[in-house]
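One chain, chain A, appears in both complexes that follow, with chain B as partner in the first and chain C in the second.
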Partner chain A sequence: MTTMSAAADGQPVPPRRSKRTEILENRPVNLDGFVEEWPEVGMVAMDSPYDPEPSLRVSDGVIVEMDGRPRAEFDFLDQFIADHSIDVAAAPAAMARSAVEIAHLLVNPQVSRDEVLAVSRGLTPAKLLEVVKTMNVVEMMMALQKMRARRTPANQAHSTSARDNPVQVAADAAEAALRGFRELETTLGVVRYAPLVAIALQVGAQTGKPGVLTQCALEEATELELGMRGITGYAETISVYGTEPVFCDGDDTPWSKAFLASAYASRGIKMRFTSGTGSEVQMGNAEGKSMLYLEIRCILVTKGAGVQGLQNGSISCIGVPGAVPAGIRAVLAENLIASTVDLECASGNDQSFSHSDMRRTARLLPQLLPGTDFVCSGYSGVPNYDNMFAGSNLDPEDYDDWNVIQRDLQVDGALRHVPEAEILAARGRAARALQGVFDYLGLPPITDREIEAVTYAHGSEDLPFRDVLEDLKGAQSVMDRGITGLDIVKGLEAGGFSDIAETLLGVLRHRVSGDLLHTSAILTPELTTLSAVNDANDYAGPGTGYRPTGARWEEMKRLRHVVSARNPEEEVG
Partner chain B sequence: MNATTTGKRVLELTERGVAAPGVRADEIVIGLSPAFGDFFTKTIVDIPLAEVLREVLAGVEEQGVRARVVRFRHSADLAVIAHRAAALSGSGIAVGILSRGTTMIHQKDLVRLSNLELFPQAPLMDTDTFRKVGRNAAQYAKGESPQPVPSRNDYMARPRWQAKAALLHIKETEFIRAGAEPVELDVRIRAAQAE
Partner chain C sequence: MTANDLDPRHDYPLATRRPELLRTPTGKTLDEITMAAVLAGEVTAEDLRITGDTLRLQAQIAESADRPQVGQNFRRAAELTALPDEKVLAIYNALRPRAATKQQLLDIAAELERDYAATLCAGLVREAAAVYERRDILAP
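Coming up: the complex of A and B.
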């Protein structure tokens, strides 16, 4: 309660404020953007009166009505889903079950993953939405623990540079690989730099830890070309959207995206689609549907296209569900649904959405605690000011916190603490390997001064400038000369880095096997494939499934500073 | 004609009819979104659109290149606008600008979702940057290879602004008229009348 009072000159004195209020006003969380719900335009997470009721009618093996729409009124998403995504034989029985019943199948650890898949294959988007609406986040996490495709969780990082500096990208790729990431992603501030940065990511990754898969997020045709040339190892940002007009603004249809997927498959290149709650309302055409309903359409389009997996969890639009009530619950639900329809899930946590450290962590836990195929689809391996995805939920300054949380909770987030000497060695070696490759390919040179700087740097602010225009000419020449991953192999060999050359050749050779097309496929450091096929998730309750034990648990116990128990005046190794 | 007054300058945009493909090699096209300078008078961070256009035009003019300004009504998508503008441009180079400030430099032979330079974070666009965009577009038009405008990156722009950007975009899409032809605009930027 405050009172107005008059000052001596008759002007009203502002009411006295609470000191506590002032402290709270200045909390970082109050810099975040929050908006009220507006279901009419789709500004609502998962609870819209305009979402359709689930329904399904099948006639002669063809879906003639889905979620309240007859076939004559299908848009191209409805048609694609009805014709390719839903198992028509399983559908009538599956749709007849109540949402609560299906939710029980998901949550109950004694119902096997296969039993759930037998039902989920016949469910429509509105039915899947209805199922998750009966579940709170704890129930969803229990379900996700069982439904993720690969038994062993993994993690993905970004390596980018505010200056598109390839030496920096290589060094940070090496460090990220050493810390445990099995996939790495890069992108550009200036698109034309892509060939050099993609080469740098590949070289840095294989230097850090053999078998890391690398991608360069670009416009689709360019990304496909780099993949076909073997300059990159996989692709992820093949985007799908939940309404027709927005899909068209994305310059594609479900069919053209499926065609693109098959182009990758034709070369044995791993790929997944990307989608996420909030993209349709962000792009101005949510057709009055909730964010999660539209995202479920994207998940089923992915399934129908025959693609093995999906990056979702709002991704670049996280500020949108993050602004409305239950948004982060919806984000967990979309990860769960992707896993529930037997897709690999690279589960977000890759885009800045909050100024608050508490909120960043709260948003992360629903994926970290149960484990997903990739807990982050883009932990920033470079300081966020260098992150050319406009900032991730986590960056290198969070590494030690992450490792502590793994140790605190005995939860495997796929990372490990690495002593400084090892990191410096990897960073320096990656930069030297790239120097050799650039020299072999006649690209603008990398100097010893740059190598020294990047070894000890935190970010681009610590590095000398490169000649951007010369680099751009070099990048264009890479494309014009038809340079491929095999040229990078030769460049590594010529530079005296035979082991890295051998590694890269081994990674490229995997395309011939097609193993990387399996659900959730990654390569081990020994260059064997680990996927949902040979590492199937067998979680069935307490005492079962993946738990960090043995050597991995010992590794997780190591931190930067741990006091020796036997000699408390010293620290452990 | 619509005239908008914010601060010191008035932006007057007068329609001159359907925009035709350009024939001069020394021109670029500036493609505007449906409600630019009409319903919207300032960017997401309150920079008057009069200033935005003034800076881009000045940057182009400094380089001895001409600029035509074209309003697109059939789409509020930046890549669509910028790419179509590039197709109309005699040099094949165009600048696309949305009312909230998101900007790109495009070239007609690139695929739509590629670009020469992209400025995806509207809150970071200031008058200085708009000037540099104009300069660079003009240099591309002359066949030169300018240093890309230094990219600024605010990794907290998304938490702070994304929801507002979504609402602004939804508002802009209300002004879309399907199938509408692009319209060439006469641009007058003059000092506001004294009170």
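Coming up: the complex of A and C.
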């Protein structure tokens, strides 16, 4: 306790501060934003008095009432969910079970994933919310371990540049692929740069490790066009929202998005939707519902559209649930619910939301420990200042910590330590391969000086400037000339990079089969498809399911500095 | 090219387990998509696309794996393989809020059925027209 005292001249002296308080005040976590709940506007994670009670009435095979609303009052989300997402045959029995009973099915490892799906297919949004409200984060992680669609966890990274520098994007893509990411995502500061950056991402990815799938996050129609040309491999930022006004503000409806999903599939291109808690309140129209209730509507729209998967876990709105109580619990719940309705889940951890390293890790563990289809969506493969998604929860400066945590806990986060020499070789080769492609396509040249710089660089501040106007003209010509992925293949071959050319052709060839369209599909480095169809999660308790062992565990044991047991003066390679 | 009763356990991935069922839109097999053929100009971007038949096979796989909505998505996609890229993009844009009148959407549905036999997609568009009218998000 401090009290005001008077100085000799009668002026009040400020109360004496605790030295410990000063230290705590200056902790990074106190730079984060925290706000009290305000349920009336939707500023509440999962516990709102205004969320509806679960209910369901079916008449002649049609849902005529859902979560307290009669059909005549359905907004377009209600109607889409009622008519496309919920299995009407399974619903009455499923809805008759108590929330706690269903939660037990989720948590109990001896109840199979298929048994859970037989129930979850008949549940309404409010019922799914009620189920997860009975679960704490440990129970949710147990459930997620079982409900993840693909048996083997994977990971996704960002490769972007504050200058939209394609050489940098290629080099960081190669390094990220080498470190273990199986999907890579880019985006632009200047959208007209997209063709060059998307080409760079594709070339860099295949240089680093064959079979990495690439995407370029743009406005919907442009992203589809790049995909149709085979310059990118998949699409993710196909957004859905949890209230009708916000969906319309996002310039889409469940029907336009469902059509877009089929459009992608019609060209053999993998895609998933994106949603996340907090988007509706951030966009100013949460209709007084909790963040998680609205997110569950998004999850079921995804299901109803027949889309194989969803990126969620708040995503770019993470600051919003992050600000309110139980927000990060809600974020785990949304990943769990996506998996519980049999969707692939690319589970966030992709946006910076905290100044505190402890808090960043605490936010990560609920996805890392049980494993998800993509633990991060994505991890920043470039320094924070270069990340054009405004920064991720993890970035290259965290690589060694990540690998140590994998080794400490024997948990597979899909990454590995790579010695510097290998990284330099991959970065340099990716830049050279892109140099050859740009030369073949008549694009502004990449100089040997740039290649040298990008090999050893950490970020764009370490690189020479490119002629942006010339690059933009080149980017426009890529679109005007109808350049496709096949031209990139030819450019790689012409540049003397036959193995990378062959790899990219192999990736493009997969479009013919459509194997990659299925739930949680990725390509192995041998270019075979691994998905929830042929790598189904079979977790059923201790001793079962995916566990890192054998060669993979040996790989996870390697770090930057590990001392020899027999000779502590030496480090093991 | 169809096959009855595809079993996800034995037939997926199609590219590895049942490549003989797969063709490009120009009738080539996967084996014919080689670097030599690309460099000789025998393989073009047209060959790196999926056919409606293949999408229906993948729909069967999805349905056998108890993913009926995914199967429906693939069956709509099979219909859309017949449409040129520009038309697909135009229909997507017309389905956005306040982008088309009810009549324009109904005309799109009729065209899908009449010209492309795309009955599932036509159904989706008609459904959208009705909901958009009820929720007042058609173009004025």
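Worth pointing out:
Throughout what follows, the second predicted complex is superposed on the first by the 573 of 573 C-alpha atoms of A that agree within 3 Å, B and C clash if a C-alpha of one lies under 4 Å from a C-alpha of the other, contacts with A are read in each partner's own complex, and residues count from 1 in each chain.
Everything below uses one rule, namely that contacts are C-beta pairs under 8 Å (C-beta built on N, C-alpha and C of every residue); 3 or more make two chains touch, one makes a residue touch a chain.
What you see is a predicted model, and the numbers here were worked out from it, not measured in a lab.
In the superposed pair of complexes, A:189 makes contact with chain B only, with no contact to chain C. Looking at the shared chain after the overlay, A:432 reaches neither chain B nor chain C. Of the two partner chains placed around the shared chain by superposition, chain C is the only one that A:518 touches, whereas chain B remains out of contact.
With both structures placed on the common chain, the touch criterion links A:85 to chain C but leaves chain B unconnected. After overlaying the two complexes on the shared chain, residue contacts for A:35 are found with chain B alone; chain C is out of touch.
Once chain A of one complex is fitted onto chain A of the other, the partner contacts of A:508 are limited to chain C, with no touch recorded for chain B. When the shared chain is aligned, chain C comes close enough to touch A:256, but chain B does not. Of the two partner chains placed by the overlay, only chain B lies in contact with A:388; chain C stays clear of it. Touched residues of chain A were counted for both chain B and chain C, and C has more of them. By the document's definition of touching, of the two partners only chain B reaches A:351; chain C does not. In the three-chain superposition model, chain A touches both chain B and chain C at residues 220-221, 251. Residues 75-77, 79-80, 111-118, 120-121, 145, 147-148, 151, 153-167, 169-170, 172-173 of chain B are the ones that touch chain A when the two sit in their complex. The part of chain A that touches chain C in the complex is made up of residues 75-76, 79-80, 83-85, 114, 117, 220-221, 224-225, 228-230, 244, 247-248, 251-253, 255-256, 258-268, 303-308, 342, 484-486, 489-490, 493, 498, 501-502, 505, 508-515, 517-519, 528-529, 531-534. Interface residues of chain C facing chain A in the complex, by the touch rule stated above, are 8, 12-16, 19, 22-24, 30, 33, 35, 38-39, 43-45, 47-51, 54-55, 57-58, 61-62, 65-67, 69-74, 76-81, 83, 85, 88-89, 91-93, 95-98, 121, 124-125, 127-128, 131-132, 135, 137. On the chain A side of its complex with chain B, the touching residues are 31-35, 41, 43, 162, 189-192, 219-222, 249-251, 278, 281-285, 316-320, 322-324, 351-355, 384-388, 390-392, 468-469, 472.
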